[in-house]
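To keep things simple, chains are lettered A, B, C and D as they appear, and every chain counts its residues starting from 1.
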């Protein structure tokens, strides 16, 4: 190992049954270094981090932290003592506790008289330092916070320091549900922390973030590190190439001819809540986007439209709307079912032969979509949870697209999906749209929105701006989303 | 004797409450109804001002707190069918301390300050065994159907049975099941053990499980043994039809739901100034072949034999207890 | 709460109000019932009256708190009532004559209880069925010890339950005491936070380096001890032991926890609410006797009371229980 | 545990292995009940010197049938999501029995009508249960318990002081034998078979299991959550009603406390039958194994003639052991 290395992992192996999640990984981090860890879905990034943090035990391989050899089992507690913190891909706060109490959970030393006061100051200062103007109520139960705020809390909590030192923070897709502004603040803070000698490992599929925050980029493919180099001079296409998928220039949305703008064949025609809230309409074959800072009512509006659509098609046995949730853990997957069962649940009526569901029909449907989505697994009969985060997301996508819904709602659907797949899905969506299917797409990543024909920008629960065709530009969107916001 | 007969002290202003441990089966339902009938009549004759009944849902603690409340509500007498013969001692003490007359019956309490109106459960067991011994010439296999494990009445009857059985070396109790005093359960338990049992000649019960047992035997295709019946209509009807079919003869011995009326009159008489012993024994309802038809005619479909206890009859019982003379038999209905 | 709200700091203003309302709810129910009783019978409002009214609630409060610790783990204990019954038998049979035996037996039962809890956690067993099985075990042991109700609790215990403390009746002092202690232990002590966290999201608590096994064992031990205390006091009040004395405690306890704002999701329980809930439920049957409800409707009325009290949750738009 | 942690058991063992293994495990979980039941059965007639094997079995089957009926209903409720239990089963049994027996007045020609009424009572009771859960947002356990009190009072008002006789035809049906084989258990087995297909191969079944795993997920998948749950509770009520109807035929009348023992037994057979209380799983066939286990265990202990205390003790230990050794799936 290189002396001075903070973390040095050598030929780490980990297998889950048949799957070799880690096939001999060498990985090291310097003090105060920000390392970007990228790779396609199921490459083994999360697993590697779980090994490093002690939440998964390695099958073989040795590693050192701060020069100390870690022999045998490694526990999260030891990791904490050694100065490592981790923000997991699936958020892990206690929903029944408030922000302060969750801080206490992380620090044993927060006890005795006045622990609450100390914890409160600790987390408050950290939140203000990372996300100035966050406005999160520290007394609020996590359950009452939107996912964006939860992620802020979890990140801030990871950076709080009491007795144990803080040497390295693992961030597994930390920005996946952060709004644009919060993301900017967060990235800035990571650099600043690095300046003070706190290393960071950032896992993200948003390559631009990786490029502008990391000193070094490590690329994983199929449980191996295939490349690593300093990030100066690297460009997005370089990274994509390293991951082995080629990035096609994104199809720039052209303003459609007015053909389907007549009001009669609209699939959605919803009035706004009030004068300041734009009415939302959607024509067959159209793709509209909901933009704005995360948590400004886009999701609520999508749900409202979705449920309206459901109710409208309740009489017909097959709902005319489908929904792809980005929050797959709580709103997406059915935990004890196989991949196949998860995929078909949206289309059962059309798979019925008489009163019974036809096994053959399901089988062929599943196989078709598994191939189209390139889901990384050896059998559709495996439990859904054995898939990596991104691959689970693909299955949810397939579920919606396989249904005969005329309108598909995409609720930040690319969360945790790798670049290669994204491009695939973009194409897929366009193809579907061409065949007359309509999409309502809420994205936290601005460049995703360029796939939309039209965009509604949301602020404080209302659709305040309507952009079309060439107007769909980052500057316009940002301007609209920040409007008169204090923390803009 | 001076104090004999009905005491006629003025009780027209008195209030009597009945705390019932459980109302979840027909026996208890009839018991409550009987109480309501007798108290309504008594109120009409200005023998009491008011009476009430509160049932606990088979929870002794709930019953205890209900009695606590009756104390607070200022009743002059509290009649108790206890869910546990000891668990209520605490509140009963409180009631006595508050100068309230406490009469416990059927399921009695052991607290000394309370009057106890009860059957001689041990005697019930003896009556059953002796009858079977006579019928079977002291020789044969018996099956015992008990009630609820851990209950004192259940223990008393069973002890009586086993004590009496000692006298008959060849009369063997080959198996015991717990029927929970629930027909369905009794039937289930009996049906379950039957296949593994030798020929059964007689069944000793706690009164009321005869029909369930008979059903189990019929289902198993075994000949019907001598079953000690209770006072339920279906038992009596079965007995009668069997008798007509093949001269089947047994007896019925059991408590009657309307014993609540006895307890009421005892309480009323105490309030009226009659001197009453702390323990008043109530005669068991016994029906033999001769009485069967008369009783069966009176029993409502699906109900149970349920004599109406008059104040006079009850005072006779009290006096018999005082003088240790034979208890007045329950007259067969005309 | 609308997502946009978190962006302006004032947004949590509506949050505590619902909370406080939810905790206030059982209080309101209790007050209403007391109001009815006092209206029917003013004399109840006296030291003596309140003592009688709430005496039987003392053991119930402890049983309910015991149940609360289990529900905090997202589980349920159907053996609670039988366990309390067993304790009354042990106390009534041995505590006076052979205190040594009694203590030994009680410690033994507590250990078994904790062991079963441990089994449930490590094997991830469905507690509802395991504890159902245990209820048979406890009842069986009780009947073996004491085939029919009886025995005699030691005089000191009986006297203790008859003790008349200054200012307030014993039941109210007890309620106050355990509510405060319970609140401190679970809601404000720093380890209490961990215990509640372990109930709601064990994975993240484990990731923070805490031992789940320790936390769970602690909760089970606490539950067992509270149940023992309940049995002790119950046999003190009833002056004796009875295997079938308290089967009702199981569901009453669960009811009290839910009434007090708890949920089955784990980690969401309120000691104060539970104590008040227990007091309320123990009054429910009393109210009926004061109102002279017709016998055939008495059980049904209890169901309706449950509905009425809990329906309040909807009116204030609280979360799903 | 009755409510699983919402986070998936990330790197936990349960995820290892394919669904095939899982289904084999689940099969095993159901099979365990049958295996133990078989052992108990053998032990029973071995103890009785080899006699009465057939009789013991047919008795066990007959009484298990009732447990299976209510257990199947309970299974649908439990499958519809963690925390869902129907504790009103005993009172619904009683109420349906009282109303139907009362209307039939023991006359055979009214049998069909009486049965229809019983079904209706069950359906309404189930709907009321769900209404309280959905509208008042009560935990199912509490809501159904509260309703059970109300139903009990209703039954008491409908002549609770007597047991109401069933029509002779009904009684005969419940004990009817074809060539020594009881018919009623066969009917119940047929019902089990149908249920097995329903939960695996029908839209309702799949939707029910989906809701059981993730209510929000199910909503966003376009499933009529409210409706499906409502149906599951109504079906449970209907099952209870059927059980009550048949039981009063079998035991010669509707009695107030006829269903008392089924409140917890219905839950126990579902879990011992191999389903998860966390919801999203259903194993109708396993229920038979569990129900047989319970009945044969009672028979065995009675046959041994042990003291009541010991009987209870052993029953409890057996239940705990079986749950403890049964393999578990990702479901719980």
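Just so it is clear, contacts are C-beta pairs under 8 Å (C-beta built on N, C-alpha and C of every residue); 3 or more make two chains touch, one makes a residue touch a chain.
Just so it is clear, the structure is predicted and the values come from calculations on it, not from any experiment.
The chain pair sharing the most C-beta contacts is C-D. For this pair, chain B with chain D, the centres built from the Cα atoms lie 35 Å apart. Averaging Cα coordinates per chain places chain A and chain B 72 Å apart. Taking the mean of the C-alpha atoms as each chain's centre, chain A and chain D sit 43 Å apart. With touch defined as above, residues shared between interfaces to two or more other chains in chain D number as follows: 6-7, 9-10, 149, 152, 156, 160, 276, 308-309, 312. For chain A, residues that reach two or more other chains under the stated contact definition are 55, 92, 95. Chain contacts: chain C has residues 139, 142-143, 147, 200-201, 203-204, 265-266, 296, 298-299, 302 touching two or more partner chains. By the definition given earlier, chain contacts exist for A-C, A-D, B-C, B-D, C-D. Interface residues of chain C facing chain B in the complex, by the touch rule stated above, are 41, 43-44, 49, 52-53, 55-57, 59-60, 92, 139, 142-143, 146-151, 158, 161, 234, 237-249, 282, 285-286, 288-290, 292, 295-296, 298-299, 302.
Those residues of chain C lying in contact with chain A across their complex are 1-4, 6-9, 11-12, 15-16, 188, 190-191, 193-194, 196-197, 199-201, 203-210, 265-268. Taken in their complex, chain A has these residues touching chain D: 16-17, 47, 50, 55-56, 90, 92, 95, 306, 310, 314, 319, 321-323, 325, 329-338, 341, 345-346, 348-349, 352, 355-357, 379, 381-383, 385-386, 399, 403, 405. The touching residues of chain B, when paired with chain C in their complex, are 20, 23-24, 29, 32, 36, 52-62, 64-66, 68-74, 83-90, 93-94, 110, 148-152, 154-155. In the complex of the two chains, the chain D residues touching chain A come out as 6-11, 15-20, 22, 197, 201-203, 206-207, 209-210, 213-214, 216-217, 220-224, 276, 280-281, 329-331.
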